[in-house]
Structures are given as C-alpha cells and as structure tokens.
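Same chain, two partners: chain A is paired with chain B first, then with chain C.
Here is the complex of A and B:
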C-alpha cells in the first residue's frame, strides 16, 4: 500500500514535469505542439552525449540540454509556427512531421539501439518498507520546484503576467502594449527548456531510444486534455491522477495494462466533457 | 452530377489501360513496389475522405485499418472461415468501429479530435497485445494467414483492381453534392448547419465511407502480406506515411492522395540502396515538410496552378 503511494507520488511528479511545457504552449499560443516530445528526446540524447560520451560533469550536460531545448523551441516558433499564422491544424500536422523527422535524425546520429543512462543520483532510499531510487526522487523534487517556480513566474513577474494576458486574449494584450510575438517566443523557449530537462529525467527513468517520444507525448496530451487548457494546478492534479492510475493498474491488475487507462481517460473525458475537468480558458 | 467531363473519363481510361499493361513492361520487383503503392493509395484515400475534406484530422487511421485486418485475420486463421466471408465481415466490423471513432467528432473538433484519434490508436495497440493473445497473437502477431493470390502479377492485378474501384467510386462520390457538402464542412461547419444541412449525418456518412475503405484496404492487405503484427500496424510512422502521402499529393482531391502514395513509395524504393534504414524518413519527412509549408494543398495544386497559368498564357496569345 505504502509502496503504491510512494511510487505513485514519484511517477506523478515526473509526469507533471513532462506535461507542464506542453500545457504552457497550449495555453499561451493555443497550438498543440506535437513535436514537444522531441524536446524530451533531444534533451535526453544531448545529456547522454555530453555526460556519457564526452565525460563532462552531469550538471554541464543538463545545462547544455536545457539550452538546446530552449533554442529548439524558439527556432520552431520562428520557422514553423509563426509563418503558419495560427492555422492550428496545419501546425499540428507540420509538428507531427517534424517529430518523425527528428526521430529519423536521431537514428542517423546515434543509431537505432536503445541506450541506458546512468542514474543522475545513484543509490536507493528505503522508506516505510518501500524502496525508492534516488534518481526518480530527484526528478520529483526538481519537478515540484519547477512547477512552483513557474507558478510564481506566471503570477508575479511582468513577463509572466504578460503571458497570462496573451493566453486570455492575444488581441486585447496587443492593444494594451504587450508584444504578443515576443511573449510567444519566450513561451516556446521556456517550454523547450522544460521539455529537454524532463527528457533527461524521463530517459534516466526508462531508457533512450529513437521512439521514446510517443509515450511522453501521450502523457502530455492526456494531462492537457483532462486538466483543461492552461491550468498549472490542473496539470499537477491530473498528472497525479494518471500517475496513480498507472501504478495501481500495474501493481494490482497487470503490467501490460499500464497505458490502457490513460487512453480510456482521454477518450472518455473528451467525449463527456471536452473542456476538461479543470477547464479554464486562461493561464493561471 | 456536375463536374465530370469527357476529359476526366478519358484520363481515367488512359491511366487504367496503362496500369493494366504495366506487368508487361516492368520487372516483378517493381511490380511488388507498385502493390505497396496501391495499398498505400487506398489508405490515403480513406484518410482523405474524412480528414482531407472535413478537416477532422485523424491521427489514428491505423485503428480502422487494424480492426479490418485483425478481424479477417482472426476469423480466417483461427476459425478457418473462408476468406469470401471473413473479408465482408471485417469490413462491417470496421464500419461499426468507425461509429466509435465518430463519437468524439460530435463533441470536439480541430486539435482535440486529432488527439483523441491518436489515443484510439495507442489504446488499440496496447489492447491487442493484452486481450486474448491466444486470438490476436499478442506482441508477435500472426503469420501464415491465407493469401488470396500467388505471384507478383496476380497480386498486382488484385490490389490494382481494388484500388481503382475504390478510387473511381470515391472520386465520383466526391463530385456529387455530398462531396461538396463535406468540403463545406471543412471550410465552415456552422454555415453548413446554418443552411439547413445535418452536419452530424454528413459527418457520420463520411466516417462510414472512410471506415469501409480502410476496412477493405486493411483486410486485403493482411491477406496479401500473410502476416500481421501490432507494432508494424499501430505505429506513428504508419500514420505519418499515410498523412504525408495525402499532403504531398494534395488533400481533398482523391487523385492527389493516389499520386502522393505512388510518389512516396517509389521515392522510398529508390532511396533504399543509398539509405537502408530509418534515415529515409528523414529525407522524405523533410521533403513533405517543405512542400507542406510552401503549398499546403500539395503537388496536385502546384500542377493545377501551372496548368491554369499555361492556359491563360495560351489564351492571351490567340
């Protein structure tokens, strides 16, 4: 029982970290970035290259991964999303194509085989009869810190409030003197950086492989759909729902069923309440 | 019925005659490539009926194709049912599944719809491996499913026959008022409803037609390959191939997806000696992305634009 509780909490923390960058773009720009999960993959691979191939310290690997993710996000916004001028379906299709192109690029650079990342913090921690790897514990703690920081950033800082304004009404924000284009660029940058960081943790939790992006994409999608647009708190809650559902179905029913309930949740919520359970129209 | 002229009929006839003579002209290896192009064309047409027309983008088309393929494979392989019975049954089952697919389209559209279809596909991928693996073959799938024809030439005629019947009937269907109404839904659903048409009924019909085509394609495909495996079928790369075929060719034209499927299959085939692995996706993904960003309506539209320009120039000269 305690095992389920702890594992659920930790997994949910990781999932929240995966989903939050995706939520951010969706709330501010109203576009679904299906190449979001490629940031995770690219982040993971960059970390792998810097730390395990070049032998640099782990923190350097993480910083490089985040910076590259950031750059990737901004580049994508400038080169693809902006020229399509808010045609949502076109953005989705082109980001999906881009995701597959990036996947093929990864295969070109790092070949097809899966790679194991060394744990970021080796060791285990025994608590109340449960065994927890320090690796995923770090991921969860980082995830909580980042979510808290992001909440503060969106609520309190000037840029964050401008992001809120753009997510409520891009035109209205422009009238009030907010440069919506710049805000979008910043959002895409933040989202890319968060994605890459989540990728490092996700890859150390599972493994690195060129098709590792599908699972986190589905998780991010589920969180956004079930949580409703733009609610950071909703993201956190739904990440816990999904995380616990997976752990419970894995330990109590069958390990193969772990993804099934997530899909059913997505389909069910979209059919019954398309706005999501915590539906909000603006970032907050 | 408007918009069908003698020139169209003549073009189709030329195309059909050319394709019928093809086995005389090319090697068996090329013929096998064309078979794959035929099947991809069927899937692309099926996608085009829903997504190209109405703008309800499906990222989960393998869900429909897979249901058709699995139904007939299970019925004929596990229960020894004759293929003549199992294929029609598979098509019916796929159409029922099409209604399931249709449910979210009542409530959500745009981005959300695309995502829910993606969820359908992933759900199917996981369920197939878990539920009754004694029937579905689990992760490894099934092999040794009855094949319908032997040899490249026979299989070619079979796949081409299927493809051309589907293509022509869809093309004619899309020339009717029904096709126009579907395109109108893609442009502005509210105004279609405003002009007194039941968009629900139109969409349901489109989904049924699309599911039927997908089921037919999937069923014949599995009986051509003789084997089926979940990872090859419910794969994002497969969705990607279908969508790229449609987009390169030109969405909502029926002819476009056909062209796109042939173009893509041959591109893949010619790249094979130079780039044996997944690198090919890199090349053709990039090509597709560039074409899509440049002209979202695809090659068909680019060709038509040139043709119109040429006609204007010619009219100016005389």
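Here is the complex of A and C:
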C-alpha cells in the first residue's frame, strides 16, 4: 500500500511536469503543439550525448538540454507557428509532421536502438517498508519546485501576468502595451525548456528511444483534457489522478493495462465535461 | 502644432474603407468627443491611433509620428486606451488587471494605483475580486483604471456609457472631468450619447460613415439645428 502511495506520488509529479508545458502553449497561443513531446525526446538525447557520450557533468547536460529545448520551442514558433497563425488545423498537422521528422533525425544521429540513461541520482531510499529510487524521487522534487516556481512566475511577475492577459484577451493585452508576439515567443521558449527537462527525467525513468515521444504526448493530452486547458492547479491535480490510476492498475491488476484507464478517463471526461474538471481556456 | 494631430487618416478592413481622410487636432489638456451612430467609424478611429487597423495618413503625438510604431511603443509613448468592450482579463483580479496596465509603466505603479483608487474607491474595495464577476459600471472603471496605469498623456475612451445605467454614466463623466481638471490629461472620447459628450467635451467632431461631417466647440454645435435634429431628436 505504502509502495503504491509513494510510487503514485512520484510518478504524478513527473506527469505534471510533462503536461505543464503543453498547457502553457495552448492557453497563451491557442495552439495544440503536437510536436511538444519531441522536446522531451530531444532533451533526453541531448542529455545522453553531453553526459554519457561526452562525459560532462550531469548538471551541464541538464542545462544544455533545457537551453536547446527553449531554442527549439522559439524556433518552432517563429518558423512554423507564426507564419501559420490563425490556421489551427495547419498548425496541428505541421507540428505532428515535425515530430515525425525529428524522430527520423534522432534515428539518423543515434540509430533506432533504445538507450539506457544512467540514473540522475543513483541509489534507493527505504521508507515505511517501501523502496524508492532516488532517481524518481529527484525527478519529483525538481518537478514540484519547477511547478511552484512556474505558478509564482505566472501569478506574480509582469511577464507572467502578461501571459495570462494574452491568454484571456489579446486586444486587452495589446492596449496595455503587451507585445503578444513576444509573449508567445517567451511561452514557446519556456514550454520547450520545461519539455526538455521533463524528457531528461522521463528518459531516466523509462529509456531513450526514437519513439519515446508518443507516451508523453498522450499523458500531456490526457492531463490537459481532464484537468482543463489553462489551469496549472488543475494540471497538477489531474497528473496525480492519472499517476495513481496507472500505478494502481499496473500493480494490482495487470502491467498490460498501463495507459488504458488514462484513455478511458479522457473519453469519459470529454463526454461529461468537455472543458475538463477544473478547466477554462485561459491561463491561471 | 497640436498635441495630437490626425492628418488625412483613412482606415481599412481588408478592401473596405472604414474611415476617409479624417483630420482632427487636439490641444493638450482638452477633452474632445467624437460622436456618431453605430458603424460611423468611431471605434476604428481610436483603434487606428493604437495601430490596430490598417491605415493611410499620419497620426502624430507631440509631433512624433505614431503610424509606424509597434503598438507596445505607442502605449509607451503615453497613449492609454479604454476600449468599448472593456477587454478585461476576466479570471484575473481587479488589481492584477490594473497591474497588466502597468506593463510599460513600471516605475509609476504605486502613484498610478493610488490615483486609480482615489478616482474609483470601489475598485479598491474589490481589488481581489475577479473582474469577470463585476457589474458593467465596475468593469468600465477597471477599463479606465487600467488605461490610467499606462501613465497616459493621451487617454482614449471608446463609448464609456454604452450599456450603463444613467447613474453610473454620471459617475463616469465626473471621474473623467476630475481627471482632466486635476491632472491636465488630454482625453478623446467617442460617444453615441450626445448628452454625455456635450456635458464633458470642449470640442465635438461628428462622424458619419467614416467621414467628419461637422466639428466645432460644444457651444457651437449644440446650437446647430441640424445636429440637434439628428442627435437630440428635437
């Protein structure tokens, strides 16, 4: 029981980190970025290259991964999303195609075999009869710190308030002197950085492979649909619901059921409450 | 040179012309009103000053052309805009709405907040309330307050009385007049409510189908039979 409780808590923290970058972009820019999970893949592979191929310190690997994720997010906005602005279907198709292209690029550079990422923090922690790897514990603690920081940033800083403002009323933000284009660029950068960091943790929890972007994308979509697009707190709560559901179903029923209840939850929420359980379409 | 000069301004929505060769001069410290029916182009005119529409011609504030400036820079030059539909941020508190208004004027937040709360004490009482839950009059106050947080030298107010109870209109008129008298702020309002406009404005411009049909001091135009017939229904 304790094992389920602890594993559920830890996995949920990671899921929240995976989903929050996705919800940021939709809330501010009204764009479903289906290439979002490729930030995770790129982040994981960059970390692998810097730390395990080049032998550099783990913190350097993380910083490089986050910076590349930011850069990738901003480039994607400038080169693809901005020119297609207003055409949501075109953006969704383009981002999905881009994810496949990035996957092909990863295969070209690193081949298609799965790779094991060394734990970010090796070792285990025994608590109340349960065993927890320090790797997933680190991932969760960092996730919580980042989500707390992001919540503070969005609520308490001028740029964060401007992000909320753009998500709620673009003209209102413009007449306040907010440059919506710049705010979108910043949001895409933050989202890319968060995605890349989530990718490092996710890959260290599972493994690196060129198709590793599919599962995080489903998690992100599920958390966002069930939690309600735009709600950071909703994202956090639903990440926990999904995290616990996965741990309970795979531990107590069958490992093959991983993801099944998540899908059923998406369908159920879409039927009962299409805006999500906590949702609105604005950031907050 | 006037404080604000609108020179041969035309505005377009795609190929449709919404304004035709508008010329308006506003002296510093004046309140002017642009009156006209729905669809006359009043909101388009104010939107054009903020570069929110496609335009030809020139708009100058203290001789500096605003026409090619990005919108954020125009606000930074001292143009505050309270829009017709308020365009508030409904899930943000009143105070956070006001703070977004200070995005380009961060050095004067405290003094502007104090001015806004002095002008609209009700906003201070409701500063933690989400703006989406406010009444129409209170939303208008937030909209005006948010525009004042930009530290404007020129305040644009689009149809401040639309949809508001007569009592609230009186309060809004009093607040705008007080603002003008106490701070010398130059104000341009648009209105369909001619009674409201004549109560606070020194000059009137009558806009019809995108063209200025008449202009003059309030005294001149309120004695003009044509205007009285068209707008006062007498």
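Heads up, the rule we're going with is that the second predicted complex is superposed on the first by the 284 of 284 C-alpha atoms of A that agree within 3 Å, B and C clash if a C-alpha of one lies under 4 Å from a C-alpha of the other, contacts with A are read in each partner's own complex, and residues count from 1 in each chain.
Here is the rule we go by: a residue touches a chain if its C-beta (ideal position, glycine included) is under 8 Å from a C-beta of that chain, and two chains touch if they have at least 3 such contacts.
From a predicted model like this one, the values you see are computed outputs, not experimental measurements.
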Touching A:177, do we find chain B (first), chain C (second), both, or neither? second
In the overlay, answer first, second, both or neither for which of chain B and chain C A:158 touches. second
Figure out whether A:168 sits in contact with chain B (first) or chain C (second), or with both, or with neither. second
Should A:127 be classified as contacting the first partner (chain B), the second (chain C), both, or neither? neither
After lining up the shared chain so the two structures overlap, which partner does A:2 touch, if you call chain B first and chain C second: first, second, both or neither? neither
As a test of reading the superposition: which chain, chain B or chain C, is in touch with more residues of chain A? B
Overlap of chain B and chain C contacts on chain A, residues none
Per the touch rule above, chain B residues touching chain A in the complex are 55, 57, 59, 103-104, 106-108, 110-112, 114-116, 118-120, 122-123, 126-127, 129-130, 236-237, 239-240, 243-244, 247, 277-282, 285-286, 288-289, 292-293, 296
As the complex stands, chain C meets chain A at residues 50, 52, 70-72, 75-76, 80-81, 83, 86-92, 96, 99-106, 146-147, 149-150
Complex interface listing, chain A residues touching chain C: 158, 161-162, 164-165, 168-169, 171-179, 280, 282, 284
What residues of chain A sit close enough to touch chain B in their complex? 31-32, 80, 83-84, 88-90, 92-94, 96-98, 100-101, 103-105, 107-108, 112, 210-211, 214, 218, 221-222, 225, 254, 256-257, 259-260, 263-264, 266-267, 270-271, 274
